[in-house]
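A short worksheet on the structure shown next.
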Amino acid sequence: MTPFLPALILGSALVPGIITFFLPEERVRLRNALNLGGALVKLGLVVFLVAEVNRGRIYETSFDLVPGLPMVLRLDALGLLFVTLSTVLWLLTTVYAIGYFGRRRNLSRFFGFFSLCVFSTTGIAFSGTLVTLFFFYELLTLATWPLVVHWGDAASIRAGRRYLVYTMSGSAVLLFAIVWLESTVGPVEFTVPAEMAAMQDWTARGILVLLVAGLGVKAALVGLHRWLPAAMVAPAPVSALLHAVAVVKAGAFGIVRIVYDVYGIELVHELSMTLPLALAASATILFGSLMALGQRQLKPLLAYSTVSQVSYILLGAALFSPYATIGGLVHLVHQGLMKITLFFCAGVFDERAGIHDIDELDGIGARMPWTSVAFTIGALGMIGLPPIAGFVSKWYLGLGGVGAGHEWVVAVLAASSLLNCAYFLPVLTRIWFRAPGPHAAAAKREVPAALVVPPAITAAAALAAGLFAAFAYSPLGWATLIVGREYTP
Amino acid sequence: MIESVFDILLCALIVGVALAAVLGPRLFSSVVFFIVYGLFLSVAWTHLGAFDVALAEAAIGAGLTGVLLVAAVSRLDRLGVKEPAPAPPVARVTSALAAGGLSGALVLALWSLDPDGTGLAPVVEANLHASGVRNPVTAVLLNFRAYDTLIESVVLLVALVGVWSIADERHWGGEPGLRQHARPDGVLATFGRLLPPLGLLVGVYIVWTGTDDPGGAFQGGTILAAVWLLLAMAGLSDAPAITRRRLRLAVIAGPGVFLAVAAAGAVGGGFLVLPTEYAKPLIQEIEAGLALSIAATLALLVLGPPQRGPR
Amino acid sequence: MSGVDTGTIFALTGAVLIGIGVYGLLVRGHMLRRLIAFNVMSSGIFLMFGATGARGPAAAPDPVPQALIITGLVVALAATALVVALLLRYAQITGRAALSEDMPGEDDPA
Amino acid sequence: MIAMAPVFCIIVPLAAAFASVVRPLPRPLVGLAILVVLGLTGMTVAEVWQQGAHRIPVGGWQAPLGIALVVDGLSGALLATTALVMTAVLLAALPEFADRDRETRKGWAFWPLAFLVWAALNAAFLSGDLFNIYVSLEFLTLATLALVSLEETAEALEAAMRYALFALFGSLAYLLGVVLLYAAHGTLDIALLSQADLQGTNSIVAAALITTGLAAKTALFPFHAWLPPAHAGAPAPASAMLSGLVPKAPFFVLIRFWFDVAPDLPGEAALQFIGTLGAAAIVYGSVLAMRQTQLKRLVAYSTVAQLGYLFLIFPLAGGDGLSQVWSAGAWTGATFHAVSHALAKAAMFLAAGLVVHAAGHDRVSAMNGLTQSMPMTAFAFGLASVTIMGLPPSGGFVAKYLLLTAAFSSGQFIWAAVIVAGGVLAAGYVFRPLSRTFFHGHVQTVAVPRRQQAVPLTLAALALLLGIVSSAPYAFLQTGRPIAAEEGLE
């Protein structure tokens, strides 16, 4: 069974997805059962794997697409971190989506692509070569687009178009860079950094810039980010998926792979590319926060916050210091937990109270306490308030900055936290300390449970990830394991 | 030297007539020049010793293509179609340069050839005894490269299916071509009565003689087609409706027989293999089938799609 | 090919006829005239084919090109007949015998 | 007998065509004919797989006297592609063209023409003789010409005539080149010519004419003008074969000619020139596809763009490059593209045909709300688009990857840029109709049975499968290549 484990995990997302496509719209129960079942099976397999990988085992399956072009599925600690995150959040998002859509139409289509999306994300996490990564990365683009345009109105179609323009151009650049690299150094496997000695320094730098730029589209690096706020017109579960589980994470994860497993952080450092990368990440962090500050609506605010927060991961990856790497990796999980909470809550506010604008939140805390508490935990975590998970990330990133000799990173983090306060605190103030406005007054009860329980769980998880950071199986523990095992810069 | 003068004169005539056919101001005269061009070419082929080609050029190139074009011109006249405006001078100059450039390149290409020629005549000669026929051209057409000929006979069928498919939907099932009304005492009718028996005889003879002497299914079939066309144009015989089973069988008979022989060979071990001892009867059989289909198909091609509904 | 024997003269004539045909194909708008040009061009090719096979001292011309020319003639007739049928139907519907000059597709931008 | 399977791949469709001229075949017989040819094609492929490439001397006469058929990986792959696409096309055509009681013009004409196209394609893909190829291509041209004009509108007839002009001119240019080669070398056989020493004015003029003629027939830019109206104006099943299969025949001949007959002849400048035309086709075809308001026109312009990729084989694998390691990758990439494009484009046209039928018009808006009313068809269109864009997981991606690798390995970055840009441009035109499938409220008023919708879906899925299970087709394509890519990429 072991060689098939990666395939089994992939199958647990793919098979329900494909069956769902062919289910008639009325088969609600069967559809829900299929999707939840798939998510549960996957979770079970992943739990089993976590224990195995922790013992140092690595699973690998591969076949040749054409001779010389291997497709490799490999399970290593880094991949598993990402898979675990996406698996847990997939289950929760599925529950949430069932509650969110209720009896709306076109759900077979939706859940089909949803599963396909998770399948692709898992594939990205398991990819053992650059081409395999690209393979699933593109599949992800294709699977998310139908979700972005799901509502089928003019705004969704426009957002979908922008999403495509950005991601398709990004992948064109990425493919160009991948083939350029591979035609010089041969197929790139993630197990050993590619043999770059034969390559000119400037060629290596050029390819690195193209790779990061190609992946940076999905990671929403500043300048390449404009699709992300636009894509907020999508249904709330989709936003949750885009921002926390799949798309931006895939970009960030890809960049981590490039820096650590394709080039190797030492080489990136020798090429003097760590500083430009860190600067790009820092610029994105500050830019996203500044833009969030100017938003009047809740979802765009969260979107710009994502632009900012995802670059923490990149910042960690770019700094030549183990602490920074730990901080970046752990933020992959922490940001996911916190951001999905926020988007879940935004969806509940929208669905049950019709709230879109920030000033419509006045006094909602009293009417929708569960949602509001979850939202608050997420927001405070984003700011970096201990003991919530976000604090842990920022702490390690700061340590890493100092360790890498870039003290200015601490200033960037501080500035970003201040900006986070500046845009989140007014929202929290409105929720809790304003008199109920018309929307709060008209708000419906916090049902169904499928809508409210997932954010509660993710908020609790965000809190737990911070509180119990010292445990071996906590995100921090796992990130430390990865760094200890694979990266010793 | 005298020979060369004759060659050059003939070539000059051919080129002159071709120019007149392409550049002529009136469409009808262009078509007439084209027919004359075909006849001159036929003379050229005779002069070159290619008698089979000369026959084919006269019958198909000049004859049937000519009839087809003449009929088309008169049809277009009746439809009141006008000539489009001539091409602007710039286009004419650039086109002339392009065409001249091509001719020039071809002349250069011809000049670089080995003067002694490298044809397959000796190979054909060496294998002629096994082909079942004595006319080397027929040997190539119906044995050595019979596969080409098989496809060629299919091409005629394709053209016919295509021509019929352009019929007006309302006329489907009608008889091909326009109804001809020749005066019963007119010249055409007289010819129509006198010529067919003769044509039939000549046509069949040319098919039959093709195995050993110049001639064959294509040339003979064309003459038979001409006979039928004459009858149709003289109003003496109506073409059968295109949905008639017998007509359709006649049209596929040639390629059908050919294909059957090819398939039988393939089952027996070699696609289109004609065993030497049976080669001659097989070729004659194929030629007979082909002549029938070619005659019918060519005539129907000239008559065109049905122009009136079924009766 | 040096020396001006009969084969050479006719082969060169073929080259000229091909040029005439191409010119006609390029400049004549009327489809029937283009068909004439097409036939002039193809017979030019056949002439070149047959004449190059009749070069040199050999007494009889090469039979292979002859057979292929007969095949070519039949194919050309088939093509001519089909295009004539198309043209007549087109003229019947539109009253024209030339293609419209505008490039397809460029007349209907979104 | 098994050795004769390729020959029967020509004989059986011809026989079916003859029979349908006499009277339209009843459905079970059409099905039987399809099954038989499918089986024969399968046998041909198996034979090549086991025995390798081989020649079949027709009539028992060896070249140069006789004609040889060549059965190798490339011809086998194209035969198989043709069989798959034709099967889908004929199945898709049954509802539209099978006459119920009275014989109609279209109902009569379609069947012989379709079987004739099948036979003509197989004949062209198997032929190893330059003149025989001429006859086969003319056969193909005339049969497709009649299909183009089948709708009998002024536009369709005009499209057919324009097509005829280009195609007939192309045939003559090709024939002229062949005549020059015969005059110089005394043979028409591809294998024998490949041993001859092709150089000098005669060979260059001949090669230029052959290339020009075949490029005109393949609709390479700037000879593309005939293609979109012709492919868009035909009935959808006919469009599927016209766009998916028919241009592959002259392209196949072009590859045979350049890579088998005259690998050393072309200069670098000529190769780059052809590549430039291919690149221009990719850009121009894509931009025009984006601007179309009619669905089938859009799909047809996409063909213009996609055919451009095929011509990148010349700068990437031709000339001196042929001796380089990357050449095999480029060659396989282009042929892979030919195959996967055939499947995907046919699927796209068949899907478009169903949509046009269901919506009652041909504007792009016919796609509105398709995911709700005809999800299978929407899915088929989407899957076909994935191949057209060259995204994973599809055969188009593998093809693109191979071409890209060759471009980088040979240091020709510009072609790499063209290839990736072409993918983005393709996304630009396929997502226009695809976006509409997500609109609220659908416009498809005529119900289309699922059975019919399954046909394009299956074809599109096959194109996708080619990108996942690509190693076997890759190896198969190499069979009988002079310089095979045994070591794979690099």
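For reference, chains read A, B, C and D in written order, and residue numbers begin at 1 within each chain.
In this section, a residue touches a chain if its C-beta (ideal position, glycine included) is under 8 Å from a C-beta of that chain, and two chains touch if they have at least 3 such contacts.
If you're wondering where the values come from, they're calculated on a predicted model, not measured in any experiment.
Trainee: Just the chain pair, please, that has the highest number of C-beta contacts.
Mentor: Chains B-C share more contact pairs than any other pair.
Trainee: Using CA atom averages as chain centres, what separation in Å is found between subunit B and subunit C?
Mentor: Taking the average C-alpha coordinate of subunit B and of subunit C, the gap between them is 14 Å.
Trainee: Would you mind pulling out the distance in Å between where the CA atoms of subunit A average out and where those of subunit B do?
Mentor: Measuring from centre to centre gives 73 Å for this pair.
Trainee: Just the number, please: Cα centre separation of subunit A and subunit C in whole Å.
Mentor: 66
Trainee: How far is the middle of subunit B from the middle of subunit D, if each middle is the mean of its Cα atoms, in Å?
Mentor: Measuring from centre to centre gives 31 Å for this pair.
Trainee: Show the residues in subunit B shared as contacts by 2 or more other chains, in ascending order.
Mentor: Answer for subunit B, listing residues that touch two or more other chains: 106, 110-114, 117, 119-120, 124, 144-145, 148, 152, 155, 158-159, 162, 166, 168.
Trainee: Residues of subunit A that touch two or more other chains: which are they?
Mentor: none
Trainee: Counting only residues that touch at least two other chains, what does the list for subunit C look like?
Mentor: In subunit C, residues 18, 48, 52-53, 65, 68, 71, 75, 78-79, 82, 86-87, 89 touch at least two other chains, as defined above.
Trainee: Can you give me every chain pair that touches, using the contact definition above?
Mentor: A-D, B-C, B-D, C-D
Trainee: Spell out the residues on subunit D that touch subunit A in their complex, using ranges where they run on.
Mentor: Within the complex, subunit D contacts subunit A at residues 332, 369, 371-372, 375, 379, 386, 389, 391-393, 397-398, 400-402, 404-405, 407-409, 413, 416-417, 420-421, 423-424, 427, 431, 435, 438-440, 467-468, 470-471, 474-475, 485-490.
Trainee: Enumerate the contact residues on subunit D facing subunit B in the complex.
Mentor: Residues 1, 4, 7-8, 11, 14-15, 17-18, 21-23, 56-61, 64-67, 69, 103-106, 108-109, 112-113, 116, 119, 123, 131-132, 135-136, 138-139, 142-143, 145-146, 149-150, 152, 157, 176, 180, 183-187, 200-202, 205-206, 208 of subunit D touch subunit B in their complex.
Trainee: Hey, which residues of subunit C end up touching subunit D in the complex?
Mentor: Residues 18, 25, 31, 34, 38, 41-42, 45, 48-49, 52-53, 65, 68, 71-72, 75, 78-79, 82-83, 86-87, 89-90, 93-94, 99-100, 103-106, 108-110 of subunit C touch subunit D in their complex.
Trainee: Along subunit A, where are the residues that touch subunit D in the complex?
Mentor: Subunit A residues touching subunit D: 21, 63-69, 105-106, 109, 131, 134-136, 138-139, 141-142, 145-146, 149-153, 156-157, 160-161, 164, 168-169, 171-173, 175-176, 179-180, 182-184, 186-187.
Trainee: Help me check something: in the complex, which residues belonging to subunit B touch subunit C?
Mentor: Residue list for subunit B touching subunit C: 3-4, 7-8, 11, 14-15, 18-19, 21-23, 27, 30-31, 34, 37-38, 41, 44-45, 47-50, 52-53, 56-57, 60-61, 64-65, 68-69, 72-73, 75-76, 79-81, 83-87, 91-92, 95-96, 98-100, 102-103, 106-107, 110-117, 119-121, 124, 136-141, 144-145, 148-149, 152, 155-156, 158-159, 162-163, 166, 168, 216, 218, 298, 301-302, 304-305.
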